[in-house]
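In this document, chain identifiers A, B, C and D correspond to the written order of the chains, with residue numbering beginning at 1 in each.
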Amino acid sequence: MSAAGEAGTSPVGDVGRMTGFSDGVFAIVITLLVIELRVPAHRSGELFDGLVEELPVYVAFLVSFGYIGVIWLNHHTLLRLIRGATLGLNWINLWLLLGVVVIPFPTAVLADAFDHGGNDHDRRVAVLLYVLTAAAMSAPWLAFFSYLHRRPELLGEGISAAYVATQRVRPVTGMVLYLFSGALGWFVSPLVGVIGIVVMIVYHALTSEGVRRRRPPRRPGRG
Amino acid sequence: MSAAGEAGTSPVGDVGRMTGFSDGVFAIVITLLVIELRVPAHRSGELFDGLVEELPVYVAFLVSFGYIGVIWLNHHTLLRLIRGATLGLNWINLWLLLGVVVIPFPTAVLADAFDHGGNDHDRRVAVLLYVLTAAAMSAPWLAFFSYLHRRPELLGEGISAAYVATQRVRPVTGMVLYLFSGALGWFVSPLVGVIGIVVMIVYHALTSEGVRRRRPPRRPGRG
Amino acid sequence: MSAAGEAGTSPVGDVGRMTGFSDGVFAIVITLLVIELRVPAHRSGELFDGLVEELPVYVAFLVSFGYIGVIWLNHHTLLRLIRGATLGLNWINLWLLLGVVVIPFPTAVLADAFDHGGNDHDRRVAVLLYVLTAAAMSAPWLAFFSYLHRRPELLGEGISAAYVATQRVRPVTGMVLYLFSGALGWFVSPLVGVIGIVVMIVYHALTSEGVRRRRPPRRPGRG
Amino acid sequence: MSAAGEAGTSPVGDVGRMTGFSDGVFAIVITLLVIELRVPAHRSGELFDGLVEELPVYVAFLVSFGYIGVIWLNHHTLLRLIRGATLGLNWINLWLLLGVVVIPFPTAVLADAFDHGGNDHDRRVAVLLYVLTAAAMSAPWLAFFSYLHRRPELLGEGISAAYVATQRVRPVTGMVLYLFSGALGWFVSPLVGVIGIVVMIVYHALTSEGVRRRRPPRRPGRG
């Protein structure tokens, strides 16, 4: 490993610290979600009703937990592509973690807007805030893949530049579909926007190990 | 290590990140418990009485700390079984961590219900909530062992498939006994249900290094 | 490394996870201290006076940060003694981390009791609570050294059993002096008790790399 | 690695734990920033206005996130200079982390002072508090470089003592310019002080891989 800053080009460092720092951020974000779960205020003998009334909060917690988990799986796959980290990749990773840290906020705004008594205009605004944040969160993933495409020497063993190029499909799809969901939420109905958001979470869950190009002839040997 | 997503079958990755992320989650959950400990409100000269009054809170804190610690020890033993992590194992691990993150919530509901002035019906509900959560927490452990049983190539050196198969006894026992404790708590007395819960924590503490089959002839060689 | 639970004797595992989990706990405890620092309530133009009034809080924060830091340094030295972790050591380490997580609580009680308007009896109680907690915190350190003394095969390269035996002096000194400080605080004056507590923090800072036996002849070779 | 405390000189240990602990602290500090982001209180149908009103809070969050990120990048570069950690370096690192943990506090005071209705004198005080904290934060970085300069045997492969000596320019520049910003903020205008603070963050971002001496002849070989 070359010394930081000693050389003319950006030096290549260990992936370990980027990983450790990222895992710390993911672990804290996913654990802090539980703070929303509180003993429901209830009259004596009505704990059951109190718990049932809070059901939407518990469902929202599960969805958020699942979503952060899915992003972690995606990030896990992402860092397995590289064998070294540069200053550029560290910056992109910080940008990516910004999205992870921020996402509980528009989620809370969305949950608040769809709570009983919410206003239709507020719901449109909440959907828009969410999809704009989510679309902005997709940008660093595209930047990461593009950076790797330009610097194939950073790729881990057995990772082809073509594979990395293909992965750019995911964040681009994400940005387009999030904005589309936002348009549906604004012009058609906020509920349709929310459905679009849930579809996107499922999409990211299904592609967490990367999208695959169709490869008609299967190469021999173990995966 | 094969590249993520390059191959037809699910690729095998490093256990390191699964471990780091899990340890982060465990560390945060076990540390956040301390937030419940507050300087007791008291009149001047009555700090001692204030502290004594809060004693149940301190005992609950110690039990919770012990329980999360026991789950960590179990998880520690669990990850020592494997030499690689797949997407499937990462999903199961996320499910397992969901239980770790959630468990302080039904614990708080239980403590609240048994506080002075609690209602007997609420106590039954609280016991039921706890045992249902705890039983659901056992499911991913069963899934983990079953997954390993089907894919023995993931096992670490010196770990036999038979050993892994035996470990399935633990989560199944956990689920059965938790549901039994819940039935006792509901139909007999909520206090009996709580005793069942404490017995389960002790059971998990005692078996944190795995259950052992009886092996009459001792194989030679170092442990 | 032998497989967990496969053998008759307690198996020896990696120190890595014990370290990672402990570092997570230390990092969270030391960071959560900052939550006490809040923008002081003040009238317009009197921010400076507001900050000055909060000075005791800031000093308490610095002392707490320093103390947790000192415990971390001690723990760092502790784990460098061993080359493997057993279930027993993991239990002792959990017990030790319990002390790390708990210590901000008696510290807060102490700070509250010495705040303006505190009562002398409450101060004695607060000093007693602190020294009892701190003495109990020393116990797992003694247990750790005693455990290693009985199982020298766990010692890292170049660590002698005699060195480990000597280290038991530290927690024993800690327990005795904490209880002595408590007696002074109870029978003489709570302030004297606090001075004893501060002396103990300094003692642990100075011995964070372990106590040394006097060795008249210096062995050759690099340190 | 020599055993802790066995030798006469300060023993050299692994950098791994210093890194893991530091990453934990950075991860928690950068994640806790998000707690400031709350669903804005608003009347039904006025969520958009509520969000717009909170815009300064969101900008402050982004700046803080960016600043902690920049300090992490600098710390990342810092630890890449060394191949081992001594007790002295661990102490300096704790001091450095104190700055990381503390910085959100003067930032909050600054944000509060510049909120609508703030008083000019309070703003001067807030700028002074910030620059004094930030200048004090620079001191451990200077201590780290100076320590390495005196003990070149701790330097990683390919890191020259001359390079390390040059790096001392950064914290010294930081301290001088922070104090200069404070003087401007106090005697000219608090807003000028804030501009100086922002310039310093940018300076630290641009030099996160270390300052480079001018080297007219480029050595051959890869970076």
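Here, contacts are C-beta pairs under 8 Å (C-beta built on N, C-alpha and C of every residue); 3 or more make two chains touch, one makes a residue touch a chain.
Keep in mind that this is a model prediction, so the values were computed, not measured.
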Quick one: compare the interface residues of chain C with those of chain D and tell me same or different, with half as the dividing line. different
Among the chains, which one keeps its Cα centre farthest from the Cα centre of chain C? A
Can you check how far apart chain A and chain C are, centre to centre, with Cα atoms defining each centre and the answer in Å? 38
From the C-alpha centre of chain A to that of chain B, how far is it in Å? 27
Quick check on chain B: which residues sit in contact with 2+ other chains? 20, 23-24, 27-28, 32
Can you list the chain D residues touching chain C in their complex? 1-11, 13-14, 16-17, 20-21, 23-25, 27-29, 32, 87, 90-91, 94, 97-98, 101-102, 104-105, 108-109, 112-113, 117-119, 121-122, 125-126, 129
Using the touch definition from the top, list the residues of chain A that touch chain B in their complex. 19-20, 23-24, 26-28, 30-34, 37-39, 42, 44-48, 51, 62, 65, 69, 72-73, 76-77, 79-81, 156-160, 163, 208-212, 218, 222-223
